[in-house]
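Think of it as A, B, C and D in the order they're written, each chain with its own count starting at 1.
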Amino acid sequence: MTKVIRNGTIVTADRTWKADVLVKDGKIVAIGNDLHGDHEFDATGCYVMPGGIDPHTHLEMPFMGTYSADDFESGTRAALSGGTTMVVDFCLPSPGQSLLEAIQMWDNKSTRASCDYSFHMAITWWGEQVFNEMPEVVKRGITSFKHFMAYKGALMVDDDEMFSSFQRCAELGALPLVHAENGDVVAQLSQKLLAEGNNGPEGHAYSRPPEVEGEATNRAIMIADMAGVPLYVVHTSCEQSHEAIRRARQKGMRVFGEPLIQHLVLDETEYFDKDWDHAARRVMSPPFRNKQHQDSLWAGLSAGSLQVVATDHCAFTSDQKRFGVGDFTKIPNGTGGLEDRLPVLWTKGVNTGRLTPNEFVAVTSTNIAKILNMYPRKGAILEGADADIIVWDPEKIKTISSKAQQSVIDYNVFEGIQVKGLPRFVFTRGELAVNDGKVEAKPGHGQFVAREPHMAVNKALSTWKEVVAPRKIERTGIPATGV
Amino acid sequence: MTKVIRNGTIVTADRTWKADVLVKDGKIVAIGNDLHGDHEFDATGCYVMPGGIDPHTHLEMPFMGTYSADDFESGTRAALSGGTTMVVDFCLPSPGQSLLEAIQMWDNKSTRASCDYSFHMAITWWGEQVFNEMPEVVKRGITSFKHFMAYKGALMVDDDEMFSSFQRCAELGALPLVHAENGDVVAQLSQKLLAEGNNGPEGHAYSRPPEVEGEATNRAIMIADMAGVPLYVVHTSCEQSHEAIRRARQKGMRVFGEPLIQHLVLDETEYFDKDWDHAARRVMSPPFRNKQHQDSLWAGLSAGSLQVVATDHCAFTSDQKRFGVGDFTKIPNGTGGLEDRLPVLWTKGVNTGRLTPNEFVAVTSTNIAKILNMYPRKGAILEGADADIIVWDPEKIKTISSKAQQSVIDYNVFEGIQVKGLPRFVFTRGELAVNDGKVEAKPGHGQFVAREPHMAVNKALSTWKEVVAPRKIERTGIPATGV
Amino acid sequence: MTKVIRNGTIVTADRTWKADVLVKDGKIVAIGNDLHGDHEFDATGCYVMPGGIDPHTHLEMPFMGTYSADDFESGTRAALSGGTTMVVDFCLPSPGQSLLEAIQMWDNKSTRASCDYSFHMAITWWGEQVFNEMPEVVKRGITSFKHFMAYKGALMVDDDEMFSSFQRCAELGALPLVHAENGDVVAQLSQKLLAEGNNGPEGHAYSRPPEVEGEATNRAIMIADMAGVPLYVVHTSCEQSHEAIRRARQKGMRVFGEPLIQHLVLDETEYFDKDWDHAARRVMSPPFRNKQHQDSLWAGLSAGSLQVVATDHCAFTSDQKRFGVGDFTKIPNGTGGLEDRLPVLWTKGVNTGRLTPNEFVAVTSTNIAKILNMYPRKGAILEGADADIIVWDPEKIKTISSKAQQSVIDYNVFEGIQVKGLPRFVFTRGELAVNDGKVEAKPGHGQFVAREPHMAVNKALSTWKEVVAPRKIERTGIPATGV
Amino acid sequence: MTKVIRNGTIVTADRTWKADVLVKDGKIVAIGNDLHGDHEFDATGCYVMPGGIDPHTHLEMPFMGTYSADDFESGTRAALSGGTTMVVDFCLPSPGQSLLEAIQMWDNKSTRASCDYSFHMAITWWGEQVFNEMPEVVKRGITSFKHFMAYKGALMVDDDEMFSSFQRCAELGALPLVHAENGDVVAQLSQKLLAEGNNGPEGHAYSRPPEVEGEATNRAIMIADMAGVPLYVVHTSCEQSHEAIRRARQKGMRVFGEPLIQHLVLDETEYFDKDWDHAARRVMSPPFRNKQHQDSLWAGLSAGSLQVVATDHCAFTSDQKRFGVGDFTKIPNGTGGLEDRLPVLWTKGVNTGRLTPNEFVAVTSTNIAKILNMYPRKGAILEGADADIIVWDPEKIKTISSKAQQSVIDYNVFEGIQVKGLPRFVFTRGELAVNDGKVEAKPGHGQFVAREPHMAVNKALSTWKEVVAPRKIERTGIPATGV
């Protein structure tokens, strides 16, 4: 049984052209004019693009005795509804837990995913066992390792551990990721704010100013450089962090930055809302910043100093958020966005001219696939690629509302924003998941995507580091040999 | 009649994979496993890449009563021999001359080209006629306009003219280019040096320090920003210029930079050679810089702040160079490089790990094709693309020597450099031009490539400029209306 | 007859201490404890500081057939009332006019000045006469030369002229100043805005965006560097210009920047006022900028990358401003500030902690005196220095109002700002000019202050430029000598 | 008994003029023309300047079971011989040791000092006792606290401790200092180098690349900013660190940087010397860098982004250095320089035009006195100031040689450098210590200089931090109160 997407304009990261797309057995099998198949989907007036990939989600994530509210079932349905056809979630071992055991747990969670997914492995502790299990993790197709520089006393690793892990990544051809905030400083600032009575959600933002993120980003970059490994900085939210990334890149370092759709369009004034719930629902780390930071992030996307747009989707209900009434440090950190990333980015980015349509595809899909070494199986409209496809109607309008969303939570941080540009059809490996705007996700359809290590940038960087490696000086006149 | 390139590894700007390539009627018609055809070319152990595109050549360029020595015949043969399958040359009207008449002259020059070519149009003067002819130039497929900020009294335009022309480019959806050096300052510095007896070729370098280039680049960027048009800076040779480009890009401006292979690998000490000929043969504008500038340019290529590598091929014989004995301002400006760009960049870039093979393809071919709106007809290994293909043997070695070169001049600025990585086969629109290392160019085979205006970045930038356009304030209390 | 300022705390650019000051014959003759004299002035609770120096005023400046409204009489009275005891005005020759003749005209204008003054000479045209008269100008004590990069068709000089003049300054040990805006671009933008119907005062701001100023600053810096002379950038109003200055300084270049008090505290929204008069009264070049630019300027003052705060006092009445109804290019450019610079800077700078009291003295007085080579005659509380002294009451409050001002114009751009920190007494060369807040200026008391060339930074820079000067290569094998 | 320095040209940080200086009871009591006294010293042809202050020495410092070779006796004699009339040494408590007890130890060491001195207190551990003793330390006149971010397992403090200490400094109006290198990374790199057989002195340099210093500087700056306290970065050796300082300052942060004379003139090639002793004698932290870093530091001194030049004088004999044969981590870290700082800086800075004579005084003396709040008792030629004076003969020449030095060690890292510019006379609180080039130090003459806290920049910064402090949002609708 074949499907054809007809009469659309294909938009990829590198070009735009009119052609039909023929899909069979979950793959794109032909691209050309006047193709036909068993089922035909009209893309007239639409753009046909690679499905979005969200490189940063936390579905059913354990947190303070509870779990983030969207699991792989609701989360991937939300993703599909907004044109995202793949998510990369974080596998989080408990301190002391085997990495392989953690993979098993995440495998279990993800059985009802309706789109494809992959995992990053988090290095939440360090020891010989972790060192020894990392190769097996890579062998199982998980080639990216996340490090938390914040969440002191919980997920945080120190510089010594991080440097050890980065060196291990270099050996394995893997890619380290960092959540970059100085955890020591955040912890003390938080206590100071609480002590001063600053216990509302705005205190969360006050406790994590841009300088704290910029510092940690800068530090992680230095450590990666010393380890000779590329680096991926998740949720780059501010100019300070972006500046550190730019500065590194202009020295030839291989560093990637990931702004979130939230940071691109929402700002810190959300935390100053008189309504505690409104503010608390926006609590995430890093917090929203001001307009100058937003301008910096947008410029980074068009300049290429920032490469991808993610969501850090980690949804908590208002009830869960209210754990933190009277103490902002107890508000579960996280917001949603899986459903809204593409429409919001298109509206605020492409419709304003800040991004070209091709850049939109690059930052929502293709660059991610390349950096995580899944391209062109993912992130491409090419013969042989997985048929993860969105048919995008640039004229379609809606106003975002939690009432109509797929996510199980009871609010939406983008509530009330009118978007122009929405999926008409979405295909996940050839299966129709959004049909003329209506969501038809199939739980369990999603599969794990294994990835290969030793990406091209890893190999190039290793070669360069060997070229410039320290050389021992051959000496005459060493005193111990009898000067 | 079909040709198949078999058993190679295809390397494009975005991926690397093993596949065969089937060519017919000058086009790539299939890419896949186990393809067969009338003629089969063995690419075992080789990379199959899009042919190089040189966006910056001056073939048979009129200069001081003579012409640059390589014409379209020898120049394109040299290009093909090194894996470059397309050149973009500069059509230079005399002051007061019709742009259309100049096109006619360049059409005449290019009849014996053995690879495809396109033109940039130079704006060497400004007036109503130029303004009026620009749309016709664009209609003929020349959508990029070059502006010289140096060569005072000859090609140079002033800020007022440049701003006028950039605005015209914005209206036409065209792309302005600049040769960025402050011509007023260069002219005075040159006279001062000569007056002090500094008349040797090193005086040429002294008269054009990096600051002079950086300033002009910065100025052109501002003018482009005010005009609301993207900008392409040719022969970006130094950190100062690169810094200006980076600074612009990190504000969201659409600016491209083009280092030359010469500036990437040769440095200013060449001008301090005791041999006058040696130094004079390296005289070009901008001159070679020091190692710190080279590091900056290499980093720009991997960071994406610089996009393409060109040659500014403008070859003069030693006899021609000697016009300038006793007065460096009379040394014809220009060096060769068409034949050597790819092997030298591969050797110094890919073999050292400064660039990945994919980045190599991007900066020598694909990015150029995209910026100049010829992609994917050029710069791609895709079905439907022109069969401009190189089969690259990464193990093949040679030492560069003028004795063995295609260029008609009697020296080579890369003389003595050992390169590793050379073409085994080169195809220009399906025709074999290099056969197992032997050059078989066919003069007259080359065709003019017309290009469309209104590139995606032009459109996006125009949209953004409208979003942020100045708004008139509606006033009460205007005194003239009778306060 | 002696005067003593008793019981105050002396604040200079480099220290703060309690002492009395004894004044005789217009000079400070003693500083110490328990001094006594014929007249004693109580400085209890006050700071005793060097009088302010405004390095940038235009008193009775000819403009479009009229003159700026404050002349040396009202202007210096306004200055004294706010604690400024010296102004440096611009001597502006007409195109073709002798510089010496222009000095004569400015000498005539300044006879009724009630505080000391000096002049900068403007290079409004270029030619052999200008070149030849510059040494005589320097000999007369005018050692700084202003260059306008804007005001096309009027005061503007081009790069070639500016480079010539800068080189002449280098020879003479003089200091070039620039008004840095790209005049060609401003002129075209202005015409474009008018053509689009954008003829209100906000059009003035739109026609001179920060990029246009930053570009010109960057260009002037490069030209000064090539000429081997320090540079002083007047009215640095924006981050772009400040960035260019910082970038130069961090390469060791000798560049000074002068923010205006207006740009530090007033922003672009003034031009969006519904009242035409309100907006037009704020028209000056460069125009006011946004808050981010203000932050940049404040940081520059504390970091030392910007050195002085001026006013560019050039006051026009509302009637004069209304010349420009219907055409913003006809609104006379200029605002007042002489009276308000010190109180406003103290209030917004020292009272907020952005500046220390010592830095306040440095940027309003001492640094200016040093840069213009009048220190320690001016800008110091030292024995032997001119007794230009302010006794500053940090608790004194007023709300700025044009009704109570000394300036002859009918409005004040700082109207309504409450300042805390005002002069109790002001002395100009020992004469009391403000007595317990009451102004008692004496027209004709002011004297011209002649300055010496060859400042320490000029000498150091010349030495360094000789160290790094281009060296001729001695050659063998020059072809012309018979290779 | 009075002394007069006659016929010299006084050079201070802010001016240059001809005058005599009268000294009595260790103080300057008059400055003027034609002064006379009991002893007259001829300064004809000389500059009369404030004595040098070295803000960074380690005399008789305990290290690995031994002590640095120069103690307060030989160290201050060396200082005086080169024109330095005051040193600030580091009081280093052992882990767990009382700060007050450590002061006692340093008091004991310093009894034979022949010039004045002060102390910085090092925070080598953190706990309630340290927190509680800090006010008493400040009360005793030690208002600056040093933090080591390197020397893991010994002196190093972590971010949490450093942030705590910085906040305590903010409360006390004290100034934190940092030795900025990432100790975790240095430790691992060192082990890796040793494991690879890279055990020579060059391994020391390899283990501490500029990135490692830049990172720590950046981190300390952020932590100081969060604590609301100024910061002083000792031995700023590289562009990375300087860039972090510049970046902070251009945001209005109060950060100071201190290059060493060694880093300004010596480069990394010293470590590549074939002679083990030669290389080992230059081992210090941070190590010497390349020429580009030197250019950065020089520019910082003239731009004002770096403020002072120190020595980090910590002299070990060749025998002591040889502890590290076969293991560079065992080479005692430190070099000399007390005797050579001024002549070398004058020669390489003033004689080349990189610094004016006034800037020379600023960076060797006056700025240090201001930052450490000893001005104008120290660092000034003013009536009432301590008579710490050098009479500097700019024509005097010598070639530096360990044979002729005051330091007790057997080599000199500046060996063979010819300096032009040396003291003719040096006075320490009025006592002659160098007489026509001959050293006449008096052990025991030196006194401890107590300093006051709450410097002007501390106060300004605290005010500003209060202005921008986080404000609690007053809320309606807090869910816990019953939404």
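One rule holds in what follows: contacts are C-beta pairs under 8 Å (C-beta built on N, C-alpha and C of every residue); 3 or more make two chains touch, one makes a residue touch a chain.
Quick caveat: nothing in here was measured; it's all calculated off a predicted structure.
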| item | value |
| --- | --- |
| Chains contacting each of chain A and chain D, listed by label | none |
| Label of the chain whose CA centroid is most distant from the centroid of chain D | B |
| Between chain B and chain A, distance of the C-alpha-averaged centres to the nearest whole Å | 36 |
| Mean-CA-position distance for chain D and chain B (Å) | 51 |
| Residues of chain A whose C-beta touches two or more other chains | none |
| Arrangement of touching chains [line / ring / star / complete / other] | ring |
| In contact (per the touch rule at the top): chain pairs | A-B, A-D, B-C, C-D |
| Chain D partner contacts - residues on chain A that touch it in the complex | 158-160, 163-164, 167, 182, 184-185, 187-189, 193, 197-198, 200, 202-203, 206, 209, 211-212, 214-215, 218-219, 222-223, 225-226, 243, 247, 271-277, 279, 318, 322, 325-326, 470, 472-480, 483 |
| Chain D to chain C touching residues, read off their complex | 13-16, 246, 249-252, 254, 295-296, 298-300, 302-305, 350-359, 366, 370, 375-376, 383, 456-457, 459-467 |
